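Look for chain A in each of the two complexes below; its partner is chain B in the first and chain C in the second.
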Partner chain A sequence: MATKTANAAPALSFPRPIFAALSPHPFLQAHLSSQGQAKPPRANGRTAADFRTPSIKTGALTHCHGSAVVRVGGTSVVCGVRGEILRGEDVQTADVEVSAGNGEGDDTAEISGLRLLVPNVELSTGSTPLHIPGNAPSGYAQTLVTRLRSLLLSTRLIRARDLRILYTPPGVADEMEEEDSVPEVEIKGYWVLYIDTVFISLDGNALDAAWIAILAALASTRLPKAYFDEELEIVVCSDTPSEAQKLELRGLPIPSTFAVFEGQFEQEGEEYDGEESWVLNDPDAFEESVCREMVCVVVDGSEGMNKMAVKRIEKSGGGVVGKDIMKVLVKRSAERWQIVQGVLKEVE
Partner chain B sequence: MNTDRRRINGPSGGTSAPLFVQAVKDVGYLQSLRPERTRGPNELRTICKLLQTSIVPSASGSAYLEIPMSRSTTTPTTLIKPSSALKLVCSIQGPKPLPRSVPYSPSLVLTTTVKFAPFASRTRRGYIRDAVERDLGVHLETALRGVIIGERWPKSGVEVVVTVLEGDEDGWWGDDELGAKGGGWGVLNVLAGCITVSSAAIADAGIDCVDIVSGGVAAIIRNPGSKKGNEVVRVLDPCFADHKDIVAACAVGYLAGRDEITEAWTKGNVGARGNELMEGATHAAVGSLSVLKEALLEAVEAKYQGQATVGKLSAKKTETTEDVDMSG
Partner chain C sequence: MAPEASLSHLHRADGSATYIHNGYCIIGAVNGPIEVMRRDEMPEEATIEVNVRPAAGVGSPKERHLETLLHSTLRSIILTRNIPRTLVQITLQVRSLPEEDGTSGVNTSLTLLPHLLNTALLALLSASIPLRTILTSLLIALPTPTPKMKQPVPILSPTSTELFRTQPIASLHVFAFSADRKLLLSESEGTFKYAEWEEAYEMAEEVCCRDQGGVGLGGGEGMEVDGEEASANLEEWLRGVVRRKVEVEQRWRSAT
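== the complex of A and B ==
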């Protein structure tokens, strides 16, 4: 509309990018409330319920035990997982109850107490004009990394037993055969996973992209076989690739982020029969800048589609999304889960 | 280790990188892993098709450069990686007006930042910029300052940000295990890569330049295979992990069209062979320039092909509707 008239004469309309920059809110509203279409497109060409499909590549980084490059539309993220060894004598077990068993019990306290997972994000790579390098991490970056960490811990994605480095003293093992006693297993150390996520470019929805990258990187992680060497009295690793171990992830939680766009209607007397607010799936940077209310739903359908579990719901900034809309959003997240899971399966 | 309260920190006791037992116990096994240069002394590593522009939509210009590992084994017998690849991303923010608080500047204010990702090297790097990264930033700025025609953007600033996703190494990792010192050679390769990738990004951003600058590295190495035992050879585009004994190395930022050097960084004992070394580095720079030109040409073609089809469509539309005055 605007582009056509701009050709002809210096009319009272702007080309699209200028309209978007000058008055972003009316620009998006004009798009969403355009009449005559069943599903009016957003400024980026998607409809309100469209997600961007991620593309994933794993194993690109040389010096990592697991890595992934994820592209979701204009957002691209590199995630590298690097394992380092926390020596047994450096473990401060004062406030953490540690059991060496292979049990499936609640190991969150062990992982969070010992800080075995160290996720971090870097946004200041010129990925967006808002994050200029040379400054301390912005509030946004800190919020993002805290959310990612709490998601990592609360979904109990990583098993502590994959990270423990165990050692059975030989003397005890011999006795066991004779006396049938429980072998005394010592924890000689832990793998600490440094999960570093670097944003190459950021076009909205940082959390989803970062989390998918972390998931793909963790799924591709192969930790070398680590054991306690009696001769050297330190924890060493074997460099044989066939002995390297995969991490066994618990489930496959996938977040979906939604932004709520509230229309502004100045003439109160005028009758308006359309919608007054729109829930936009997977917002891009422009939409994030004009939306206040954000919803993030984390679902996990790895136990079967009928048992789709809601792992987390985060909502902030407004009151448009109520009980009914939330139901729709959870449903949309479940559909999204299937798509992302399919992409993740392909790269494995 | 100092703690950074704005980031997530690891265990307070500190952690150590995994230690591979075969490499510690068996020196012979360790030596068997030593990589060797398989290219001729004047042969460059191939970066063909691994230079891309316009990868960051929100930046005015961006580029990605990858120089793959010199050898790729399909079935690795060890988890220890023989050497490193070089992977760089550059994005350019601006030119944009300087904030009011900054004093007047008649020309473009160039800010360059080089940052290694935590996973860029064999040992994990921190998030806070260290001395090497600042040093690289200053060298990159010198290389670019001479190329950009800054007078065309008074009162403006531009940010050139290079992220090193994977950096070249100072030497073979096994030498570190054996206690030899690294000479900091790897930064030269990183600098040459930074110059090439930022040059591509600057062209992508459409910032006026006098010429295209490209980076190149040459080194003088002691050749252990020679008869005399200490004969020195000049090699272009060295992968420092391949060489045991490096005498000197030089990185340049070179303008091939004007035959000018905007930046030269030499390390080691050059001796009387300074000219030869510098000349070698410029040869390497010309090599990367040809790739750079190809990538830029491709990007321009792709851009204008898109515009040409759009133009045709709109032309058709005007034909079918009615005559429109196209002037003005």
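== the complex of A and C ==
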């Protein structure tokens, strides 16, 4: 009997994966509060303020107008951009024709009103055990699409000018001269961009990976030259690759996601301990499942590092991050922006 | 303009509230704690389900996004560990939107979000779900600087007419604060600097949370005298709504 207990005693200490699966919260807390190190690592070996550096490859899909594959740690995403033509007859273009000439006007209404950008996210590919393949898009996937779409619109990333298909009627020299007031340029159609993002594997931080993939895919997009053919009276595309046009993107907004880990859940309705919390950059799937409070900061430093503009702040799920921590997070996002911008530059 | 609210007016739901502010009218109903489906049951805490129904049509991904935000915010204030293995179901029906809602050129889910949060909290209070704290939520709009006005004045809980008139809006911010002045939710969109966000944060905090100096006994007395007047502060407004409801329920006592 005595020998038996002696044999059983070592089995009480679990190997790492079993500890993590059985009690994820104490597991992560044990990592973060480990003494003796200046910067205690998380369970995945990174320190709290470490991001994963993305790796990007563009032009991976041949049937799209632009595409990119992005890997951020264990998260890999494929994004394809495909343009389709929306015929001018099918939409009411009367009210937007005024802004047709200049490219710098406020064109958000045009893009969102005509729904010229159609992002979609596919998570049910077996990318993560939480999303079973073959099911309808989960609430999480729908939330992700909504966030991506509103980010595309609110950052005004794409110019409506690039999507318009214009036609200048040939000036019949003498007879038309009196009728100068007639608008010379007509909008004959629009490019609608279908931006499909497919997750191959998901290890946390879906938004950052999807957005970087969308940025890289849009930057590599070449739309064929589309023009209105007077004889056929339809919009046709040119076959010549050299005539294809790039999209001119406005700025370079980059999101950074943070998860807030609250050490020790409150007992019997007590206040949680504000000191015992860590802000983890770029959480992986395990950390996302343990953390409740999420922060996402989108910054754009393309107008110079000292003019770093914040494009979006999203935070919900808890009360740890106040204005002081947010200031640190905006700073961390600005540092991340430089790294990601460098990676994106290399690909172009 | 203070919001209007009436509590517990639906008799079949455990708790309910109607909230009317700036042309937004939302009905909230809460059922709970009730039995939870086996699939969603959690051994140590309550499951929270939020349903948002739009004014017209069926729910879209936009409503799913709002539901996710409400879910994570409400989960942090409901004492879910006190009622384990149960379900708290929150249904929010948007009854009417202001007419200019779609035309003000801003993200309509941000303008709706603070109203949904406030309604959900009132309905939870009406259903007597155990809460850790209360929350108050607010929208702030920062207009774009013009040559005439270099430092535009932020607009606190703007009506959609105001948003329409002050186009273009540089940034929109939604804040939700708990009673102990913690930031529970922040959704900001547009182009802004951190300093502007902080300024908006402080303004929102001022309106959402009541003055900490007045929490003592004297403050409590003064509030009752002020009654409707104190409604500029959202937390005092909320306390006023609940106090009036309790007073109505205690009529039988005070009449004697």
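Definition applied: the second predicted complex is superposed on the first by the 306 of 348 C-alpha atoms of A that agree within 3 Å, B and C clash if a C-alpha of one lies under 4 Å from a C-alpha of the other, contacts with A are read in each partner's own complex, and residues count from 1 in each chain.
Operating definition for what follows: a contact is a pair of C-beta atoms (placed from the backbone, for glycine too) under 8 Å apart; a residue touches a chain by one contact, two chains touch by 3 or more.
Keep in mind that what you see is a predicted model, and the values were worked out from it rather than measured.
Asker: Regarding the shared-chain residue A:Asp229, is it in contact with chain B (first), chain C (second), both, or neither?
Answerer: After superposition on chain A, A:Asp229 lies in contact with chain B alone.
Asker: For A:Glu293 in the superposed arrangement: first (chain B), second (chain C), both or neither?
Answerer: After superposition on chain A, A:Glu293 lies in contact with chain C alone.
Asker: So in the superposed three-chain picture, is A:Gly317 touching just chain B, just chain C, both, or none of them (first/second/both/neither)?
Answerer: The second partner, chain C, only.
Asker: Please indicate which partner A:Lys327 is in contact with in the superposed arrangement: first for chain B, second for chain C, both, or neither.
Answerer: In the superposed model, A:Lys327 contacts chain C only, not chain B.
Asker: Does the superposition put A:Gly66 against chain B (first), chain C (second), both, or neither?
Answerer: Touch partners of A:Gly66: none, neither chain B nor chain C.
Asker: Identify the partner contact of A:Ser201: answer first if only chain B is touched, second if only chain C is, both if each is, neither if none is.
Answerer: A:Ser201: touches chain B, not chain C.
Asker: A:Pro133 in the overlay: touching chain B, chain C, both, or neither? Say first, second, both or neither.
Answerer: After superposing on A, A:Pro133 lies in contact with chain B but is clear of chain C.
Asker: Which partner chains sit in contact with A:Pro283 here, chain B, chain C, both or neither? Use first/second/both/neither.
Answerer: neither
Asker: Please work out whether A:Val145 is in contact with chain B alone, chain C alone, both, or neither, and reply first, second, both or neither.
Answerer: Once the two structures are laid over each other on A, A:Val145 reaches both partners.
Asker: Using the touch criterion from the header, give the chain among chain B and chain C with more contacted residues in chain A.
Answerer: Answer, by number of touched residues of chain A: B.
Asker: Across the two complexes, what residues of chain A are contacted by chain B and by chain C?
Answerer: 142, 145
Asker: Quick one: in the complex, what on chain A touches chain B?
Answerer: My answer: residues 7-8, 61-64, 67, 74, 76, 78, 80, 82-87, 90-92, 114-116, 118-120, 122, 124-129, 132-134, 136-137, 142, 145, 149, 192, 194, 196, 198, 200-203, 222, 224, 226, 229, 232, 234-241, 244, 285.
Asker: For chain C, which residues count as touching chain A in their complex?
Answerer: Chain C reaches chain A through residues 61-62, 64-65, 67-69, 72-73, 75-76, 79, 81-82, 105, 107, 109, 130, 132, 168, 178, 180, 182-194, 197-198, 201-202.
Asker: Which chain A residues qualify as touching chain C in the complex?
Answerer: Checking each residue of chain A against chain C gives 106, 108-109, 139-140, 142-143, 145-147, 150, 153-154, 265-266, 269, 292-294, 300, 309-323, 326-327, 330.
Asker: Along chain B, where are the residues that touch chain A in the complex?
Answerer: 6-24, 55-59, 62, 69, 76-81, 84-85, 87, 89-93, 113, 115, 117-122, 124, 127, 129, 159, 161, 163, 165-166, 324
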